[in-house]
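Presented sequentially are two complexes of subunit A, the first with subunit B as partner and the second with subunit C.
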Partner chain A sequence: MPHVKCLQCRECKSEYPIEPLNACEFCFGPLEVSYDYDSVAKAVSRKSIESGPNTMWRYHDFLPVEKDSAVDISTGFTPLIHAKNLGRQLGLDHLYIKNDSVNPTFSFKDRPVSVTTTKALEFEFEVLACVSTGNLMGSVAAHGAKAGMQTMVFYPADLEQGKIQGAAVYGPTMVAVEGTYDQANRFCSELADAHRWAFVNINMRPYYAEGSKTLGYEIAEQLGWKAPDHCVVPGASGELHTKIWKGLEEFEGAGLIDKAKTKMHLAQAEGCSPIVEAFESGNNQVKPVRPQTIAKSLAIGNPAAGPYSLEVLRETGGTGVFAYENSIIDGIRLLAETEGIFTETAGGVVISSLKRLVKQGKIKKDEVTVAFVTGNGLKTLEAMGDFVVPIETKPDLDTFQKKLSNQKD
Partner chain B sequence: MSVSVRIPTPLRKVTNGEDKANADGNTVSAIIASLDSQFPGIKSRLCDDNGELRSFVNIYVNGEDIRFMEGVGSGVNSGDEISIVPAVAGGR
Partner chain C sequence: MATKRVKFTFPQELIKEPVIYKLGVDFGIVTNIRRADIRDDMGWVVLELEGESNVVDEGLAWVISTGVRVDPIAGDIIEG
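Up next is the complex of A and B:
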């Protein structure tokens, strides 16, 4: 960790040693990893990064772990696809989809969890734990398996089956908590005080959050070492939104790209949009809500990074936008039917919100836009409802031809 | 009336390592004042200069977030369980 200085409170700037700590003891503000950026800038170049592995670990100089110790199941460096078909429909010439649903456990969560699992081993934890709305627990269970750690995953009991089974297969202890994610989260915060476990999104959060920066680095590198004009990012805790921006700023600081003038838009679902509501009403504080959305992976009513996400929205000239609940499935199908990418409900929120942003004139035809698709559609099949209407036929040519022509009529 | 308050790790230096404390009062703000008289300085860590809860502190009464109730003015009954939790957890 040659470039890491300490943990620092984002609010009052108190400093702490590199330990499994997440909250400032003076003001409860979140702790963040502080780096010696001069030392980072000296160590990295476009060339050194390009010669690294085809995973997120090509950016290890920007991550808070020892070199060469990574628990890597081949996460990151996912495709950035020029979405010409979808772009044509929406009236955008330079629309790109960052398809992070092709990570090893099919969501962007592998990025923060890869960093956290590596760090948990450095701290000599034996148990890796998390509280999750689904994607995270699959990733924690997989990385724990790879690292030879015990894993404990906590989730709200009403989660989609695909996410429950998709985590259980890696062999963790599964704990179904009665109630909402926010209730499970509160419970786990208390639990994290009582056990010496590496709770990836609680006591390990400063390290965890750093992993998401790699999405910012990747899109810049994949665009030819340039920041885009717009990013459209799904919002749950607000952390991903702030960390993609941090990634772009760090690349700029290290001289790898020119000044980032990206407008960082945040997309939430209508039924859980506390950050967007605060943005629209001009508040600096986010008022918690009780989520009622089909986008369960975005159903965080009390978003921890909400205030910082608001800062990023205002600093970059981005817009907080929500997708109507009844447009989320349409967004999923539109992306699938135009680009051949099947995303989960969070991706439906992003595509549907992107449509609204274009309609509102926030994104112009010739501007480079990256929409983040962070999870795979097979995880949330239930949300799709009963939309399949097949042609039913006997295995007989005449019957089939007749049915086919009927359908065309 | 007396209630039990769960103390999170970042506050335990103030409570001499105790993870639970008893406090008296019939509102959350009275409970905080009662804690502060036992453990001087605890209030300034939980509340800003106007007496409002800091952004990154969550307080729950029997598992219910007081921001969904009347904030620090929320009522408290004897035997209630109060939990102070740093708000910086999360991610999905």
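Up next is the complex of A and C:
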């Protein structure tokens, strides 16, 4: 961890030692890892990164953990696909899909959780914990298993069985919390104070958030050491959006890419778009909302990084855009039918929002655009509904041929 | 004694209500404001509450009943 300086409050800039802390003692603002960027710049080069592993850990100099201590289940360095078919439909010549749904537990959460688990072992925690309704719980359970840690997964008691099983298979202790979402949220926050556990997105949040920066590094490297003109990022807490931008800025600061002029667009679902609403109304405060969206992985009504995401939108000239609820499944199917990539509802939000951005003239035909697909479609099968209309045939050739030609008519 | 760090978000119609004052007077809870932003249409206050554990819980339940939203200072921590 030679390049890490301290934790620093995002609000009052007070500094703290590298410990499992997430809030400033003075103003209760969130803490963020601060680096000695001169030291980073001296340590890294394009060549040193290219000779690293084909995982997110090729960027370890930019991460707040000791070298060679990574808890790695082969996360990251996921494909950046030139989406020619989808691009043709949308009128974009240089559209790329960053397919992060192929990570080991099928979502981008493996990136922040890999960093957090590594850091939790450095802090000598014995228990890894999270509270989640989906992707995060699977990732924490998998990394806990790999690290040989006791793992606790908390979730609202009314969660779907499929999601519970997807995490339980890794062998964590599963805890179903009764009550409303808000009650479960407050309860788990208090738990983090009551136990010496590494709660990945509570007391370990500053380290957790850093893992998402690797998406920014990867797209720049995969584009030939260049920042794209546009990024379209799904928005939940807003942290992913801010960290991809931080990644691009850090690469620029280290001299690995030219000045990043990327417009950082944020995509939310119509039924939970507090950051987009604040952006559209010109506010720098985010009004909490009660989520009512099929994009469950984006259903954060009171986003912790909302104000910082707004700053990134305004600093980069990006646009906050929402996808209509009834267009999310269309977005999923469009990506699947054109590029062979089946994404979850958050990806549907991104593709549908991308369409709107193009329609609004925010993205031009010849501009390099990266749309982030952060989770696998098999995770949200229930959201797809009953859209399959098969040809029903008896097992004989004549019947089948007749039915087939009827369908073509 | 227990301490809790929370964020109160006030809808427009409750901005003028002395909710924090009443927590002190009616419940005997010590309130310590660390950060706040109050606008015409909404406001939030980040503060620490100190008192007997059950009293702090009762006080927070009352705040919620008034229509003020109460969250942990980290916002929503249940992630997808």
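We take it that the second predicted complex is superposed on the first by the 397 of 409 C-alpha atoms of A that agree within 3 Å, B and C clash if a C-alpha of one lies under 4 Å from a C-alpha of the other, contacts with A are read in each partner's own complex, and residues count from 1 in each chain.
Just so we're on the same page, a residue touches a chain if its C-beta (ideal position, glycine included) is under 8 Å from a C-beta of that chain, and two chains touch if they have at least 3 such contacts.
Because the structure is a prediction, the values reported are computed rather than measured.
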item: Fit or clash between subunit C and subunit B when superposed on subunit A; value: clash
item: Subunit B versus subunit C as contact partner of A:I328, first or second or both or neither; value: neither
item: Touching partner for A:G134 - first (subunit B), second (subunit C), both, neither; value: both
item: First (subunit B), second (subunit C), both or neither touched by A:L298; value: both
item: Partner chain(s) touched by A:V349 [first = subunit B, second = subunit C, both, neither]; value: neither
item: First, second, both or neither for A:A142, with subunit B first and subunit C second; value: neither
item: Subunit B versus subunit C as contact partner of A:A267, first or second or both or neither; value: neither
item: Which superposed partner A:A184 touches (first subunit B, second subunit C, both, neither); value: second
item: Touching partner for A:N22 - first (subunit B), second (subunit C), both, neither; value: both
item: Subunit C-contacting residues of subunit A that also contact subunit B; value: 11, 22-23, 26-30, 109, 131-136, 181-182, 185-186, 188-190, 201-202, 205, 236-237, 285, 287-288, 297-298, 300, 302-304
item: Contact footprint of subunit A on subunit B as seen in their complex; value: 6, 8-11, 13, 19, 45-46, 54-58, 60, 63, 65, 67-68, 83, 85-92
item: Residues on subunit A engaged by subunit B in the complex (per definition of touch); value: 11, 22-31, 109, 112, 131-136, 181-183, 185-186, 188-190, 192-193, 199-202, 205, 208-209, 236-237, 239, 285, 287-288, 290, 297-298, 300, 302-305, 307
item: Of all residues in subunit A, those that touch subunit C in their complex; value: 11, 22-23, 26-30, 109, 130-136, 156, 181-182, 184-186, 188-190, 201-202, 205, 236-237, 283, 285, 287-288, 296-304, 306, 346
item: Interfacial residue positions of subunit C with respect to subunit A in the complex; value: 4-5, 9, 34-35, 37, 39, 42, 44, 46, 48, 69-80
